[in-house]
Amino acid sequence: MLRVAVAGASGYIGGELLRLLLGHPRVETVLATSNTFAGRRVDGPHPNLRGRTDLSFAAHDALEERAGSYDVLFLAMPHKQTMGRMARYLELAGTVIDLSGDFRLRDAEVFADYYETAHTAPGLLGSFTTGLPEWHRDELRSADRISVPGCMAAAGILTVRPLAGAGLIDGPVDIDARTGSSGSGVSAGSSNLHAERSGAMRLFAPTRHRHEAEIAQATGLPVRMTATGVEAVRGVQVLCRVRLAEGTREADVRSAYREAYADEPFVRVVAHKRGAYRLPEPKILAGSNFCDVGFAVDGARASLVGALDNLVKGGSGNAVQCLNVRFGWPEETGLEFTGLHPN
Amino acid sequence: MLRVAVAGASGYIGGELLRLLLGHPRVETVLATSNTFAGRRVDGPHPNLRGRTDLSFAAHDALEERAGSYDVLFLAMPHKQTMGRMARYLELAGTVIDLSGDFRLRDAEVFADYYETAHTAPGLLGSFTTGLPEWHRDELRSADRISVPGCMAAAGILTVRPLAGAGLIDGPVDIDARTGSSGSGVSAGSSNLHAERSGAMRLFAPTRHRHEAEIAQATGLPVRMTATGVEAVRGVQVLCRVRLAEGTREADVRSAYREAYADEPFVRVVAHKRGAYRLPEPKILAGSNFCDVGFAVDGARASLVGALDNLVKGGSGNAVQCLNVRFGWPEETGLEFTGLHPN
Amino acid sequence: MLRVAVAGASGYIGGELLRLLLGHPRVETVLATSNTFAGRRVDGPHPNLRGRTDLSFAAHDALEERAGSYDVLFLAMPHKQTMGRMARYLELAGTVIDLSGDFRLRDAEVFADYYETAHTAPGLLGSFTTGLPEWHRDELRSADRISVPGCMAAAGILTVRPLAGAGLIDGPVDIDARTGSSGSGVSAGSSNLHAERSGAMRLFAPTRHRHEAEIAQATGLPVRMTATGVEAVRGVQVLCRVRLAEGTREADVRSAYREAYADEPFVRVVAHKRGAYRLPEPKILAGSNFCDVGFAVDGARASLVGALDNLVKGGSGNAVQCLNVRFGWPEETGLEFTGLHPN
Amino acid sequence: MLRVAVAGASGYIGGELLRLLLGHPRVETVLATSNTFAGRRVDGPHPNLRGRTDLSFAAHDALEERAGSYDVLFLAMPHKQTMGRMARYLELAGTVIDLSGDFRLRDAEVFADYYETAHTAPGLLGSFTTGLPEWHRDELRSADRISVPGCMAAAGILTVRPLAGAGLIDGPVDIDARTGSSGSGVSAGSSNLHAERSGAMRLFAPTRHRHEAEIAQATGLPVRMTATGVEAVRGVQVLCRVRLAEGTREADVRSAYREAYADEPFVRVVAHKRGAYRLPEPKILAGSNFCDVGFAVDGARASLVGALDNLVKGGSGNAVQCLNVRFGWPEETGLEFTGLHPN
């Protein structure tokens, strides 16, 4: 059994990591840290884990104290809290999988621009592999420094990259990302009270959402991204509007997706003519590691659509998939849940 | 124009008071206090008031400083913050209308039992008139100390009292109250985040909810009350289960309601045989001052049902109705909104 | 009192028309038709009207039988059911206000393209005035044939036209419209069941939504529109992304909006720097006749945002505002409701 | 591999059966019937199954035509459609597991009373074993006729029976059941449109809900049950209010639950002092086969609370658990999913 530790395990992403790792047949979760909940059972903030574990949280310092007791370290802390200590984390475990935003961008200037602070470990930026198996599987097989994409970025990259790679997109990509409330995290303030968020269409990023830099980096195309919070707990959907390269037909678009994802266990191409679920819908993906991608073509324009569970394929599940790749296990291991309908 | 002040005006109840008072043709709102928002516009925390007022919040001390500039003082502060200063408030304005829980119960011991603290102004308890026009209209015409019932209590009293008064109930009343998330207020913690509250059926008071004491006081019957938070922003529904007195038939129940509320502008008797809205449903009452009451009889047992908007008939609207009674205006003044369907 | 009839009064738009007209001090609603509900009380399908009216539905033929008993005829039937009989309707009442899509587009070919059927009364198309007082007030003062814009179209036109008119937009307008479930109407099928629609992000028009033709017609710009159903009952929000004309600064955008809407009773310019409600949010507009418009500028790109209640400013309320203009009454008459927060 | 057929597989319960059976390592699903969807892929109405199966629906007659090709027959048709053909179904497969209401009650008169129709196969009523492993495990090991309890009944029986069996309840049990919208099924009418159901507190059974008869049958106590539809897609919660037998203390209640369920894989006793999830909450159970039970004692009165996913432990999951018992497999097989938080 591989021994894993999860730092920042009391948040929503941390909770999903615990759920997946506790159900993973090849992994033993030996440590979960949270300064807020130190000494308390993990099934307190994560009540869905009742009956599945007797684990309690340790304080964050336990990462040092128990160094050697774990082989892999998952980092699920808020943005900007990881980069300052990354050099030390890399000494603590053989493999580090970071779910924060700190090592997603390879260029320190772009980071500074989007995160509005200077990167404190710019020398490490280039050493991380992007934790998206669909596009980095070979590198991930031997990677010991993995940076998992942001939830909207994962959806955006998986949706845009097949066409970008095939040269089917002419010009910039306009993305509107819609997201459920869990994306704001467990410590969010009064604007995320149920009474304020219920039924909302909150354009919280009317221009230049942070994840646009990740998508631009991965696709090589200019990206202009807005983000809207809508009523759902889980789920991200990206609507990507593009001009198609001259001569591109619908069949070319379909082929590009099919070729890119024919053998992928967690990407489904969904582009039907009718029905409420004819295009990717996050509602039926909650808890699953799927990313559904689809499209609609109208002449020279196309709407490309991607959907996933922001906490799973947009975070924890994707991280576990990377772990599976890294250690040579079947990629579906521990990620078998299909999603629910209705839900 | 009557000049009014609202203390504690940045909360949800305070915001609804401002909405109603700003639209009231006989009232001028001269002062709204909030220590948190002092100096800022009232349409900041209450964005629905944009374009309707240029009023800004004053600090709470302005109640003293501007004494004499207002005739009526509405108190919309959290429970237990009002009683200690009530003696002073009564000197500041000719009429005081309190929306907190501090002066609803007439018995200091019962208060201590339910609020888990000793009352700090027990001598004033008996001097307040219950702010429920349907049952205290004559007293309210000359009352200068008015205590508005709690949201669930208002629903419970309006639902149970006609039968209790007619002697049609045998024994205790078992109430389950269901409530939307706005009842938790604007300063609630992480358990009221959208992600935690969405779709919940949260039995937050599995026994002895505080409002049971008010309903018992008003009906003279033993009351056993539970409370459940469900997904809705506004709305309270009480399901009251009783044994009917021997020989009571459905027609007697219907008559008791009809007699009690035939001339009431804000209570509707809703008891149809079929349809999604055959019994009181808070969903269609949001923003209105209605309390709908209804019933279903099965042999010797009956389910009595009441519904209202917790922030309106369960608080601010009811307070404005009391104001209308007190000053001899038509009771509907400023309370004409009907409610929406669908909503 | 002006006497009005509402045809197609049992749907959601019809219900809102009845709510507004029954509360309108200068109007008497003498007739409401519905073949499905003929003979039944209007407060059956519209339970929020209980206690406000004793009116019952008549069959649709009553429009003929009672010709002369009403001065104004509101038509709230589904699309494509109105055009065939419009010539006759125009004989029945002095003023006809149509809320269907049949007479919104002035060009029969464009209609055929977007509605996928030939127009059956093309000769009448040009005779209707667009029912949007903000841009057609003078014509509306004497108009007897009024066609009220679609809900998304109203939001889009009000949001885009000030900049389009000032020449501040360079090139096409990309719109994503998000809408609540009431937009699908009361007779929608299984895909609108709560279990299917709850929490959805349903891209039901991934390209070329019908209302794009109306916005293009009104602004003179190319429009590319998608539409997404999200969880809310009421509300439409349009996110319009444009390139600004060279040299346009944020202050120019702000000025264009302020100039266009400075004196408008029902359009508010909402563009703050922070806060959950810094941009237009339909959640706080339910039941009100407001359209909020706002914007965010990032270099040469801008996101323009509009929000309204699809059944009110996007339909019935707008129609009543047109009525007020047509008959020379204050425009706010019967439309005073402010909207709720929280909601 | 055991070969199974699912009749009535296009509904919500049928869809969940397919999800669970397709993921079950010891079962091969050879037939799924639906007259409405005959010839179409099962991932049409059940889009969450995309990529997991290529199965298509057969018409209902295929049960006859392919007799012999399956060992176990699950029946997931609407109530009253199963009893007339049950004699024939029993000839078609060695083991029949019925998820309808037709064979839950053992007494034909009680059935007629609650279902308002005479039972058409009264002679078979006594031959079915109740499909609730927690209370019928030994019988189920050899049962070939299994009737799975209703969703609210399962919750009610699991919640009440431990105390009833220990003699800790004095007198009747008053139950209010709250349920999500999926309980109304996929073919429900306009009252289950999203616009009508969103945010509702719909007291659809103000007295005598059908499932009360099942709970009374299983506990031997008088039961008085109401039912309320609230906003959630999945989930049932029962609030059961009882008088405790004289001398019963909180510790006795706790012991009764602990003893009853100490070794149960799918029942968790949840009764904490504080926290949003201190009592059973269906929100975190969606997709899982858990039934959480808890309680709060106040003197001689107690509130007993149970929660489950109406489509899983309240239907399909419970049926699969029965299958596991019947064929001697570990009970968790195919039912490992834990539930999500937040959700």
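Every chain is named by a letter (A, B, C and D) in the order it is written, and numbering of its residues begins at 1.
Keep this in mind: a contact is a pair of C-beta atoms (placed from the backbone, for glycine too) under 8 Å apart; a residue touches a chain by one contact, two chains touch by 3 or more.
Each chain and its UniProt protein: A, B, C, D = N-acetyl-gamma-glutamyl-phosphate reductase.
In this text, all values refer to a predicted model and were calculated from it rather than measured experimentally.
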Steps needed, at fewest, to go from subunit B to subunit C via touching chains: 1
Farthest chain relative to subunit C (centres taken as mean CA coordinates): D
Chain pair with more C-beta contacts, A-D versus B-D: B-D
Centre-of-Cα separation between subunit D and subunit B, whole angstrom: 39
Subunit A-subunit B separation of Cα centroids, rounded to whole Å: 45
Whole-Å separation of chain centres (CA-atom averages), subunit A against subunit D: 35
Touching two or more other chains - residues of subunit D: 12, 180, 182, 195-196, 198-199, 231, 233, 275, 281, 342-343
Complex contacts: residues of subunit B adjacent to subunit A: 12, 180-182, 184, 186-188, 190, 192-199, 231, 233
Subunit B - residues contacting subunit D, complex: 174, 176, 178, 180, 191, 195-196, 198-204, 206-208, 224, 226, 228, 230-233, 235, 237, 239, 241, 275-276, 279, 281-283, 295-298, 301-303, 305, 307, 342-343
Subunit B residues touching subunit C - in the complex, by the definition given at the top: 12, 15, 19, 23, 44, 46-52, 182, 233-234, 268, 270, 275, 277, 281, 284-288, 290, 292, 336-343
